[in-house]
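Letters A, B, C and D mark the chains as written, and numbering starts fresh at 1 in each.
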Amino acid sequence: MDDVKIPSSEERKSALSGLGTSRKRVEDARFTQGKGNYVDDIKLKGMLFGDFVRSPVAHARVKNIDTSAALALPGVHAVLTAADLEPLGLHWMPTLAGDKQMVLADGKVLFQGQEVAFVVGDDRYAVADGVSLVEVEYDELPVVTDPFKAELKDAPILREDIADQKEGAHGARRHPNHIFTWEAGEKEETNKVLDEAEVVADEMVYYHRTHPCPLETCGCVASMDKVNGKLTVWGTFQAPHAVRTVASLISSIPEHNIRIISPDIGGGFGNKVGVYPGYICSIVASIVTGVPIKWVEDRMDNLMATAFARDYWMHGKISATKDGKITGLWCHTTADHGAFDACADPTKFPAGFMNICTGSYDIPVAYLAVDGVYTNKAPGGVAYRCSFRVTEASYFIERMIEVLASKLGMDSAELRSKNFIKKEQFPYTSALGWEYDSGDYHQAWEKAMTSVNYKQLREDQKKQLQLFKEGKSRKLMGIGLSHFTEIVGAGPVKNCDILGLGMFDACEIRIHPTGSAIARLGTISQGQGHATTFAQILASEIGIPASDITLEEGDTDTAPYGLGTYGSRSTPVAGAATAMAGRKIRAKAQMIAAYLLEVHDDDVEWDVDRFSVKGAPEKFKTMKEIAFASYNQAIPGVEPGLEAVSYYDPPNMTYPNGAYVVVMEIDVDTGVSDIKKVYALDDCGTRINPMIIEGQVHGGLTEALAISMGQEIAYDEQGNVMTGTLMDFFIPTAWETPTYETDYTETPSPHHPIGAKGVGESPNVGGVSAFSNAVHDAFKPFGLTQAHMPHDHWRVWKIAKDLGLHN
Amino acid sequence: MEKINVSMKVNGKEESLTVEPRTLLVHALREHLEYTGAHIGCSSSHCGACTIDMNGKSVKSCTVFAPQAEGAEILTVEGIGSPDKLHALQEMFKEHHGLQCGYCTPGMIMRSYRFLQENPNPTEEEVRFGISGNLCRCTGYQNIVKSIMAAASKIRDEANVEKKEIA
Amino acid sequence: MELNDEITIPAKLELVYKSLNDLEVLKSCIPGCEELIEEDDGKLSAKVVLKVGPIKAKFKGKVSLDLSNGPTRYSLVGEGDGGVAGFAKGGADVELIEDGDETILKYVAKSEVKGKIAQLGSRLILSTAKKLAKTFFENFKELMEKEKK
Amino acid sequence: MIPSAFTFYKPDNIEKAVSLMSDFGDEARVIAGGHSLIPVMKQRLTDIKHLIDLSGINEIKGIDITGNQISIGAMTTQVELINNEELFKKAPIIREASLQIADPQVRNLGTIGGNVANGDPANDMPGLMQLLDATYKLSGKNGVREVKARDFYEGAYFTARDDDEILISISFEVPSGGYAYEKQKRKIGDYATAAAGVIIRVENNKCSSASIALTNLSDTPVYCDKAVEIIVGKEIDNDLLDQVTKACVDQSDPVADQRGPVEFKKYVAGIVIKKALNRAIERS
């Protein structure tokens, strides 16, 4: 055996494709050949289709629903209305935020696009004909689209079902259209600091309503097998286990008789976290008809009725000393929740993690209050590629920093640097109660400023301004800065649950006799490449090549319980569970190896893919050998097989952060902006797969570009959704999208088993402020302090006009 | 409503189906012929997820009625490569991380497939303009553009090798 | 949205006012009106086909006339349910001014739409409403001219 | 998004198509590229019982350039307009404008006939055809007649075409002089916020002939006759161009939509018109 050379640790490590490798994705073979399996690809024997009759108006009493013409149509099998669901107690359903929502219009409609009746038929075509034949008589009511008018004395009452309730899921209600008031921090102390401050900046920062709009819309196939009493639902679920539990609770079908499967998902971005009437109606229709029912919404339905994001009016005050040391932060937010509070937030956080709004800064005292109100708009309030309300919080503080810098006459890069939480302050407890795990903001900021040559940029900007003032150019240059701190990985069961379900996650690993493996998780990929990256975590933990590890997610009958994929929680929570389960495997493997090598357990040590005898590296057992032994050796005191499961309850959230710079040129006459540079430095802790991280950053930046520069869900005063198609709802094409520069620093999370923090959402959180700040920065010399997003052509033009730049 | 017969050649195979005239081509392909590669993203001809090749041109199959495709030669993503021999685009999308959730990918690849025949040696800017009828929500396009540029180069190299072999 | 215009009708004010109250006249002047019937309760029910380019939608609804300020003022309000297409409300406040044997008809037309037609057709609503109002009054003028002959 | 049912016809000559149109009247529609019509059908904002596909009629396809005369069959696609080198030599503005319509896939099916006959003020070809002073040939049960593009548009979707008529071809003289088609839009695939086309001949810095037309700035395309009157015969200078631009803007009558309010559109109209003028003059 001596003549066989043992490959070096480095060689063996590289053969694993573990942590830090830009491993190519295993998912891609299917997707590039058109062999993905999305919900609309599922075809079951005898399957019927279902679709909704939706309300054309935003607020009305439903006087009558006549389904006779639809039912008379050949090919239409059933039409469900609230009256049909009521005996089952399914005409309303609980929302994730402790409110309830109509499944089908119960006496009135509260937003345009609301589900009124569910038509079931042979195929999409018959169903569409049926839908057009259902006659609904509406008696229109006054419409409230402005959240500031919702609480006026004579405002129409939207939610008659709870009009008299003085208490809601999150405390006292003061008006029939008021949902909750949520407070954090020190109110009096903050007011005192503001009163006595040398400088106070005061601004209203609006983060407009938008929508995650994944390319695949929401849908499901529900199949009730009456023979064995089992309900199977395939659907676009970002949290399949939570859907199973909720489905069981509201349908009374025992949870073990429900199987939820998330097949391939064509993007989620938060849109597919919630439970929608389509799922409930498909299940009921399957129970009624005894055959599988498919429901897939169309794009307009998706933009009109499924979960929106943002819509926060954030009034802020920030105080500082004359030389720029921040002394306090105050924020009052009016949150427009639409007709039902269906925000996807952990129970104790009705405004999500908005209380991360102190951002990256060491702010001694702060106060936050959020008021949620009902309006005649679609429900939702999901995190759109960000952790719960974190992009709102980050946008707020990054705007307030800019506004304060203007007031102080100080460069905002310097103001940031002056107030960053210092490296040695970590773990750092913020004024609003979060414990930031780790970071080195100054290092990241300096790297960013050097990389983009910030000083030179400011020089260029001055020159451009001069040209503009001399009438030689109609363009202004804007430099948008942002330093964000995300809070992801929800979360510790002690403070994070959704509908009472603790937000842990789990991984179960089985090593096969020949040394390959399968790992199952409670999460579900929607493009993040879990099958690739989780295998890499495991490869490094258990020394089996990533290519020999199959990853399986999304089937509640086989996967261990987990809360799913959103809020950048997969890596911080499920990734940790994966590492921990791997460590359990390794611990058992150590015992087996010691037995095989005939030494004491403590006398073997781990070496990349094997255990070797301490001091005698030539004596070893590889994981492959150990795996085989575990199946065919009777080892005293050790059970056969090599399996492990870990349920990971994270001790804390993780706090990815980053420094972004956007440079753009703005034509003041047309409002057209030309993005010259986008630089994104991310610190997501340990980097599992740099290629995938970079891809996530590109995608998130593009969503940030879209949101800040044009994307919105706009309503007119009658409550019509004016952006219901992809012509008006802005999604940039390859042509409008710039090329990005990415960069990184690496500050591992101290409490995460492998130090990873999550990255999917960072570029959206950091990007929106950077793009928006660039627009503001361009007009700063003319006195602009705040202009609301989206910064589409006409709104940018309006800024220029209002500043008198058009003569 | 009366159904009619529609014949077309899909991925080299003669297909005949009996459908209502209003049947959209994308449904004819996905539901009647079970080529589920083409996806539906917007239904309004904005997103390009349903892009296929019809008579040598890229079209959005959600905005074509099946009878309009009578006698047409259709190519879908299922028809451009095989598991044993992937098309250069399929390989390069994988190599350069040109996809994430995969939903836009078949449309994106089919558009690129035709685009590279229209312009075998494109600049990056031309690629961006050439795929501007296809939306992607995940990738920010940067790696898609990279993948297409790489595929273009691979296809050119292969063509050169073939030429040399013939010579 | 509101649109103002005026048109001169070759008839005496009294006749103009009377004609504006005549169901048959209204029916033949409302563009696309297929049916206009007085119901038992005195209200008018209507069926109107709205045809604008590729758009064609059938609306069922009510028309009401406000005659309280006659004969110099007159209001017509209609609202209809177009099913999948959505809802439309429209109307006109008319002022009649005597001008010898002729009558100057001034009107302010209003329209409001909801549902898909509002969502997808917003950029065309104003010009369509303008066109429909104009067509109505031009039809009316033509009719009055014919009657004169 | 599923349309209601219809019967489908694919006539192979224009007479058959016209006869179907007059048989079914209001219940029938012709379909060319379908990219305006099909989305509306899918939204069920229309009720078409009979759909007549014109793609089988070869006589209304293709581009014919004879001497000074260009004739384009109604069923010629935008991509054919873009790729035709002879057309590009004779009337390069067609390629410049066509490349700004929708996206590659839509241009592959979208036809010039569909684009001009639809009467949607947001379509680019109607303005372009007014710019070129094109003539439309319509075929109906009473035979063939010609209508000038500048007389064709009456309101949004209201045109001089009778219900039973089919647009069969578009013809115009080879334009001479500098040209430009300027369009501001929010993104690829969007309609114009404002767009303007200019064709101008300048000799010794004096304008000898000009044509200017606007897209999506009124309920019809706008041919700017007043502006043309101002510029023809004059020495070109910046003041004159400002006057001309103002005259064009005065003829526009845009409506507010998601692209912005009227005031913004008029302002941007001024910018794109001026840009088009400058670029066209530079090229002349």
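Following the convention adopted for this analysis, a contact is a pair of C-beta atoms (placed from the backbone, for glycine too) under 8 Å apart; a residue touches a chain by one contact, two chains touch by 3 or more.
Since this is a predicted model, take the numbers as computed values, not measurements.
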item	value
Centroid distance [mean C-alpha coordinates] between chain D and chain A, Å	44
Whole-Å gap separating chain B and chain C, where each centre is the average of the chain's CA atoms	50
Rounded Å distance, chain C centre to chain D centre (Cα mean)	32
Averaged-CA centre spacing for the pair chain D and chain B, given as whole angstrom	30
Junction residues of chain A - those touching two or more other chains	124-125, 132, 298-300, 722, 725-727, 733, 735
Sequence positions of chain B contacting 2 or more other chains	20, 22, 43-44, 46, 129, 131-133
Shared interface positions of chain D, touching two or more other chains	1-2, 4-5, 43-44, 103, 188-189, 258
Graph class of chain-chain contacts, one of line, ring, star, complete, other	other
Chains grouped in pairs wherever the two touch, ordered by label	A-B, A-C, A-D, B-D, C-D
Interface residues, chain A side, partner chain C - complex	56-58, 112, 131-132, 135, 138, 300, 716, 718-722, 724-725
For the chain C and chain A complex, residues of the former touching the latter	81, 83-84, 86-87, 112-116, 118-120, 122
Residues of chain A defined as touching chain B within the complex	24-25, 27-36, 38, 40-41, 43, 123-125, 213-217, 264-267, 269, 298-299, 526-529, 691-692, 694-696, 698-703, 725-727, 731, 733-735, 737, 739-740
Contacting residues of chain C [partner chain D, same complex]	51-58, 84-85, 116-117, 120-124, 126-128, 130-131
Chain B-facing residues of chain D, complex	1-8, 10, 31, 34-35, 38-39, 42, 51, 53, 55, 79, 102-106, 108-109, 188-189
